[in-house]
Structure formats: C-alpha cells, structure tokens
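One structure is given below, encoded as structure tokens.
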Amino acid sequence: MKITKHLFPKWHLKDKYLGVLYVLPAMFVLLGMTLYPFLYCINLSLQKWDLFQPNKRYYIGFTNYISLFIDPNFWNALKTTIIFTVVSVIVSFIIGLVLASLLAGKGRFVGAFRTIFVLPMIITPIVIGTGFKYLYDPTSGILNYVLSLIRITAPAWTTNPKTALLSVIMVDIWQWTPFMFLILIAGIQGLPKAPFEAAACDGASCWQILKNVTFPLMKPVVLIALLFRAIDSFRTFDTIYAITSGGPGMLTTTLNLFAYIKAFKMYRMGEAAAVAIIIWTIVFIFSQLLLKYLSTQKVVQGK
Amino acid sequence: MSKIFLEHVVKKYGYITALNDLSLECQDREFVVILGPSGAGKTSTLRMIAGVEAITSGNIWFDDQLVNEMPPGERETAMVFENYNLYPHMTVFDNLAYPLRVPKRAASYAKEDVTEQVHRIANMLGIDTLLNRMPDQLSGGQKQRVSLGRAMVRMPKVFLLDEPIAHLDAKLRHQLRAEFKRLSREFNSTIIYVTHDYKEALSLGDKVAIIKKGELQQVGTPEQIFSEPANTFVADMIGEPAMNLIPAKLLIEQERLFCTAKGFKIELGDYERQAVLSCGKNVSQVYIGIRPMYLSIANGSENKDAISGEIYITEPLGYKTQISVQINKQLFYVIVTGDYSYSIGDKIVLIPNKQKILLFDRENGRRITIV
Amino acid sequence: MSYTMYKRTLNANREKVHIIAGKRLMNMVSMIALLVAAIIALFPIYWVIVSAFKTEKEVFIMPPVWIFVPTMQAFKKVFEMSSNFGRCMTNSIIVTVISVILTTIIGSMAAYGLARFRLKGSKDISFYMLSTRFAPAIGFVIPFYLIYMRFGLIDTRLGLILANITINLSFTVWMMKGVFEEIPVALEEAALIDGMPRFGVIRTITLPLARPGIVATAIFSTIMCWNEFVFAFTLTQFNARTLPAEMPRFLSANNIQWDVLSAAGTLVIVPMLIFAFFVQRYLIRGLTLGAVKG
C-alpha cells in the first residue's frame, strides 16, 4: 500500500496561535496604557518633582509616603472618602431596595420606571454637579425655597462646614440609587418561584419567608451591588469638583481630589503620585475581593 | 474512494483518557455504527474524524492520506449533530445552502445551481415546504431533516452522524431509522453513525463497533454482535430484555460438561466442551448466557436439563408477555408469545435451547470460545 | 343555612375585605412612593434644561419662576463666554465616535480570543483586564499627564482617544467575552466542517449572533466616552477640549450665571438624552454591567 503522507501545517496549533493574535492588540494597549503608567507612577512617587522647578527632580525614596502619613490633611481626606463611600452606598442601597421591592411584581410599570431611573446614570456627571450646585444655591436655588415652604430654614448647603459633605453625598446618592435599584429589581425578578411556593406550602410566616428564603437567595446580588458601588464610589470626582471643589477648606476633599489638588494645583508631582498609589492599593484590595467573589459565583451558577 | 482507518487513536483531556488505543477500519461505502453508552468516547471519535478535535496520539487515514492535522474544511466529511446545530439566524434554505456558498465551493456552484441542489435535497427529505422558515419554528423531526439535508447537500464522501435521532420521540425515531436505511442505499458514501441505541445499530449497520469507556469491545456484523458477543458487556447491551446472565459452575463428569447452579444442572454440548478445554486455564466460574427468547416453557412433566422456578411477575406487552421467573433468588426473563395463563406464584419449568447457550468467563467477562 | 354557618361566611368575607383593602392601600402607598422617587430622579434634569431657556434675572430670583417665556439668550451667552464651545462640540463627537469604534473592535477581538481559544493564562488576562475597570481615574491621570507632556500628546484628540480606549477596553472585553461564550461553539464547528475558513465563520456566524451584545456594549462605551471628564479636563486645554471639560469655565466667575451654566449643561446632556431615547432597549443590559441579565 503506497502511503502518501500529506503534511498539513499543524492546524490545531495554528488555530491556537490565531487566538493569541486576536488578544494581542488589546493586551498591547492595556499593558502600554495601564501597566506602564502604573510603574511610572510608582517610580514617580519615589521622587521629588515640583513642576514649578522642573529641573530639580531627584529620588527621595519613601519620603513622600512618610510625609503623607504625618500629614493631617491626608488622613482627613481618607476619613472624608470613607464617610462619603459608606454613607452613599448604604443609603442608596436602602432606598434602592425599598423601591425595588415596591415595584417588584407590578409588571406593567417596571419598564417605565426603569427608563426613568436610568436617566440619572447617563447624565454627564459634571453637569449633574453644576445642576445641583444651582439647586443648592442659598440665593437662587430651588431646594432652599421648597424647604422654606415647609418652614425649615435651610443652610447654605455647599458652603456651610456642617452640611458641605452631606450635600455632596446626597448628589452621589441621587446619581447612583437607580443603579442599586436596577440591580436589585433584576435580582428580585430573577428569584426562582419554587422555594417561595414550598415555604408557603409549609405554612411559613411572612417574616420567616423573608429571613430564610429571600435573604439567602438575594445575598449574591446584594453583595455584588454593594461591592461594585463601593469601589465605584471611590472614583467619584466630577460631581464633587463641580459643587465644592473640595471645600470649604478641605471638608469635602476626598482622596481623589486630594491627589488632583496636589498634582494640578500645587504641582507637587511626586507627592501626588504617592497619593495615587495609595488610592490604587485600597481599590485593588477591594476589587480583588469582588473579583474573587464573582468568580466563585460563576462557578456556582455553572458558567 | 473513501476508506477511513483509525490507527491506535488515543484521546486524552488532561488526565482523563476518553479514548484508549482505538483501531477501526471503515471500508468504502460501508455503514459503520459505533455503539456505546454515554461517555464511552463515541462523540470524541467522530469529532476527531471530522477534524474539530485534536488527536492526542495515533493516526487517522482517509484512503492513503494522513489527515491528523488537516483542517475540517478540507476533509470531505459532513456531520449531523445530536443537537442539530442549525444556524439560528438563517432560514432553512440558507442553512441548506451554506455549505455550497463557502469560498472553496462557491466557484463551482452558481446561484441557480445552489437553488436547484437545495430544492432537490429538500424534496428528498420532505422539507421543501419549510424552506422559508427559521429554525426556531421547526419541530424536532423537521430540524433533524434540515440538519441531515445540510450534510447531504454537498455530496460528501463521508457522513458522520452523532446520535441524530436521540432527541426525538419513539415513533419518530422508528420512522427516521427506516429513512436512514433507505437514504444510505441512495448515497454512495461511507457512513459512520454513533448511537447508544442498539436497535439502530442492529438495523442500520453493515458493521458495528462497540465501545465502553474508551475501549473497543467488539467489531462485527449485527449478526455476529447478536449471536456471538465477545463479552458480557456486549451481550448485555444488545437485546431487550437483556440476555440472562447467570453465575454458574462448570463440572466435568465422565467426560461430559455440565454447568450447575442452585436449581439446575444442564449438560452442555460438544462445542462448549471443546471451547472450555481449548481455553487453556482452568475455568470453573462462569456466566451462562441465554436470551429470553431461547427459553421455552415445559408443559408439565419433568425434563432433563431443565430449570424450575416460580413466577415472580408477568408483564403483558401486547403481542408478547415478559415473564420474570425467580430461580434461587435469581431472576430469569422469558418471553412468551400468544396466549398464556400464568400468574404470580405459579411453578414453572424452563427449557433452554442448548444451541444458544453462551459461556462467559466470570473473571474477565469474555466469552469462552474455541481458540 | 344555619346561624353559625352564616356567621362564618360573614367573618370570612370581612377578612377578605380587609385583605383586599390592605392590599389596595399597600398598592397606593407603593405607587405614591414610586412617583415621588420618579419626581426626585427627574426634577434636577428638568430644572437644568428649563433654566437654560430663562433670562438671567429669572434664574436668579426666588421664588422660582415656573411659567415664563422661553428665550435663547443664555445659549448665545454660552458661546460668548466660551469661544471654544463650538470646537468642543465637534471634539466630543469625533473623540467619542472614534474611541467607541476602536474600543469595540479591539475589545471584541480580544474577547473572542479569550472566549474561544483555551490559551494559557487567559484567566489571568481576563482578571487583569477586569481589574483595570476599577482603577481610579486620578491614578492614571497623573502619569498620563507627564507622559503625554513628553510625547506631545497634551491637548490632542489622539491623546484623548487613547485615554478613552484605555478606560473602556476592560468593560468591553468583559461584556463581549460573555456574549461570545453564549454563542455555542458547536455552531462554529458546524460551519468549519461545512468548509468555511475561520474568518468566514466569524463573519457569517459569530458576528451576526453577537450583534445585540456588541450594540449594547458600544452604547455603554459611547455614554462613558461622551461623559468623560477627568482625562479631558487635565489632558486638554483648548484644541482638543470636549464638552464636559469645558463646563468648569462657567463656574469660574464670582457670581455664577445660572442661566448660562444651565444652557451649557443642556447642550452637553441633550445629545445623550436623545441617544438614550433611541437605544433604550440596550441600555439596561450595559448599565447593570452585565451583572444581571436584563
């Protein structure tokens, strides 16, 4: 039997190389535009470089970090950021949950409300900021007017030290409660009916159902929503910049703004880079937690 | 010429061996059925022949050509999938026409040729009225025909069918089985058909290969598989109700071979005696294999070489009745056609057809034959 | 009917009425709460747009003016206060369109590669890509600013496009990976067996089936690019300035002219509102980040 061996190029291997080729441009971009700047930033954080004196640039090791750790403004910014994140996430979660549970099951209206609630998320944040700045204005803003109608003398929201942070948090809540609402209502609507029917058959009371069926089933959705929002809330910049620019004083200066001011108002690049690295570290820890949790969820769902 | 030769093919997924040293030859225009339970490795085999699965080791030859690394598009094979795999975003017509519109064939098929061929195949399969429908508007049987049509439309040298009628109801399965047989006569192609249903294997195949957990158990004609199973696995797989496999002991008394268990003692014939002797080793623990249809009921009087027991249940199935007889805590299955008047608890005597008794070595399950 | 039975039915009916009335009350309370929420959600947007058509005096005085004659004064003043505004509009459009196109192409390719080919380390790559989504903008802006200065990318549209791609790539890859994973591999295998080369398979089978996912992802990227502020504000000054980045200019005066501010804001958000109106269907999927299936 004459055997002719046709040596085709190894097709399956070639196919695999093709896959690498597809991923390459994206990896190129990401590595070039994220890894490189990140390393640059680390490097920068170990230097002293004020753009006012661009030629005086030299390494100072961890001095930037040390000066940050003894800087009360830094700790203030950290405290402000934490308060901002915690309050915004929890309040928007509660409101979102209430709204979602109210709307669940009312099929007709869910669609309409979804569309309405989507709007705060697509409006340009900087415009949200300027819009609320107007609303908050003590002289011309409508908020204080409405409050005066019900006999409340309202403060100058954005300039009063007692209310400045609150005013900014309220805007964040306004902007992102819809996000919570959307995720939660999708979660509620996605709940399987079977456990509830079984519980009803077993004669469970309302509270028992809530505790033993609803909460455990909702847990993954809730956790994802909370973690996502918490990490995102760290990135808030536009609205705060527009409404208070970090003021009065430094009362609404979150870490983000703190870094920005150091870099673009004081031009102290090295210190700014150090702040950025710290922010990155905090966010990294939380996002890794979220990603780990997400991947276990995917396994559970059999994806 | 479309001969397929699998030479010591091994398929591993990581540490799991799906297929272990499979060697199989499919002659030109042969209808080969690969039979086995789920997870046996049948689909892997088919996918390797088609080219969408890489071979861990071994060779696959199409005629005299080594095709291990040939892209699936270059092989002249067409595949009909278990889940039909129709392109959901195209009409039935476009699904059928797709293979003719691919770059390497588009040159030889002008638009009119495509239409003509599609209509021809659609007529053959009885789906010509469905050409404008979308796949999600079709029933299971219709989808199957479209899937088959898509394979047929380019007159491939080799048809690969992966449990094509597994998801259809029994009646439809029966219908399509008959159609497959008819179609296979019309197409001059080699057909490799994978299934877990032995009925399809027996009725369709020229040659049947039985695989269990990646190991080839037996290759033979349907007749051979049925009457000369190579081991207990094959014997048990073919036939319903399954072959009775009873543990027994072999005894040689005065140069006569007997098999005994509690409840019976049967003398075995020449062939079995020679087979046991030629076996080489001392076999005493065996399985007796006898199909339910080869057991008859004695009419009253005691017979030599008979098995007596008590009726456990009777299952009337229309034209036949299946009786389970309990003999010494073991259940024998017997089939009775025609009228019967037995009820649970009756004493009954069974007479095996000695020509049809098979012996299996209890140690390794292999049938004892003359070596 | 005996007396006890009569009593029982009466009580049963009373209970039923209580339950129904209770339910109706709950429904009413729910609807009111939801309506209040809707008003809260919509009002600031409404107020901004409405204020854009008022006169300087009308936006300044209290109590607020509900009924008025709309005028385009404020819009004229926008272009007076910011000579660059027109250019910002074109920049926003160009940067957004190009960024979205490039991000979608590069991202979809990568997603396909990750979804289909069992590459070593694909899990790590996905992980890394996803991590970049959470990175705070300020962390990138600082090195970007300095790097861009060195390479002369400050105040260029190219620089901004690169930045936008960086921001949106991870999300695009993540979403598209899910989309591609939902398309059964067996379909592509069937097409391969039918004789189609791999590129043809992608063109005729994969992409048509992936289209809704691609559209949803592209829509989300569009919104993110248009609204992007931090990078645009720090990395551009004049030539490549986009609309959101120009907004702070209207805040710099001591006495802010609310009508002008609102007009500028309106010009920034109206394109997105119109866009969102047309693509409503796809929005939910993108905005919940694919975390739940819309």
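Going in written order, the chains are labelled A, B and C, and every chain counts its residues from 1.
Here, a residue touches a chain if its C-beta (ideal position, glycine included) is under 8 Å from a C-beta of that chain, and two chains touch if they have at least 3 such contacts.
Everything numeric in this text was worked out from a predicted model, so none of it was measured.
Among the remaining chains, the Cα-based centre furthest from that of chain C is the centre of B. More inter-chain C-beta contacts link the pair A-C than the other of A-C and A-B. With centres set at the average Cα position, the gap from chain B to chain C is 57 Å. Each chain gets a centre from the mean of its Cα atoms; for chain A and chain C, those two points are 14 Å apart. Averaged C-alpha coordinates give centres for chain A and chain B that are 59 Å from one another.
Counting only residues that touch two or more partner chains, chain B has 51, 71. Considering their complex, residues 15-16, 18-23, 25-27, 29-30, 33-34, 36-38, 40-41, 44, 95, 98-99, 102-103, 106, 109, 113-128, 130-135, 137, 139-140, 142, 144-145, 174, 178-179, 182-183, 186-187, 190, 221, 224-225, 228, 231-232, 234-235, 237-238, 241-242, 256, 259-260, 263-264, 269, 272-273, 276-277, 279-280, 283-284, 286-288, 290-291, 303 of chain A touch chain C. Here chain B touches chain A in the complex through residues 51, 54, 64-67, 69-71, 74, going by the rule given at the top. Every residue of chain C that touches chain B in the complex is listed here, in rising order: 184, 186-187, 189-197, 200, 204-205, 208-209.
By the touch rule above, chain C contacts chain A in their complex via residues 30, 33-34, 37-38, 40-42, 44-45, 47-48, 51, 59-64, 106-107, 109-110, 112-114, 116-119, 122, 125, 127-132, 134-147, 162-163, 165-166, 169-170, 173, 181, 198, 223, 226-227, 229-230, 234, 243-244, 247-248, 250-251, 256, 258, 261-262, 264-265, 268-269, 272-273, 276, 280, 283-284, 287-289, 291-294. Of all residues in chain A, those touching chain B in their complex are 1-12.
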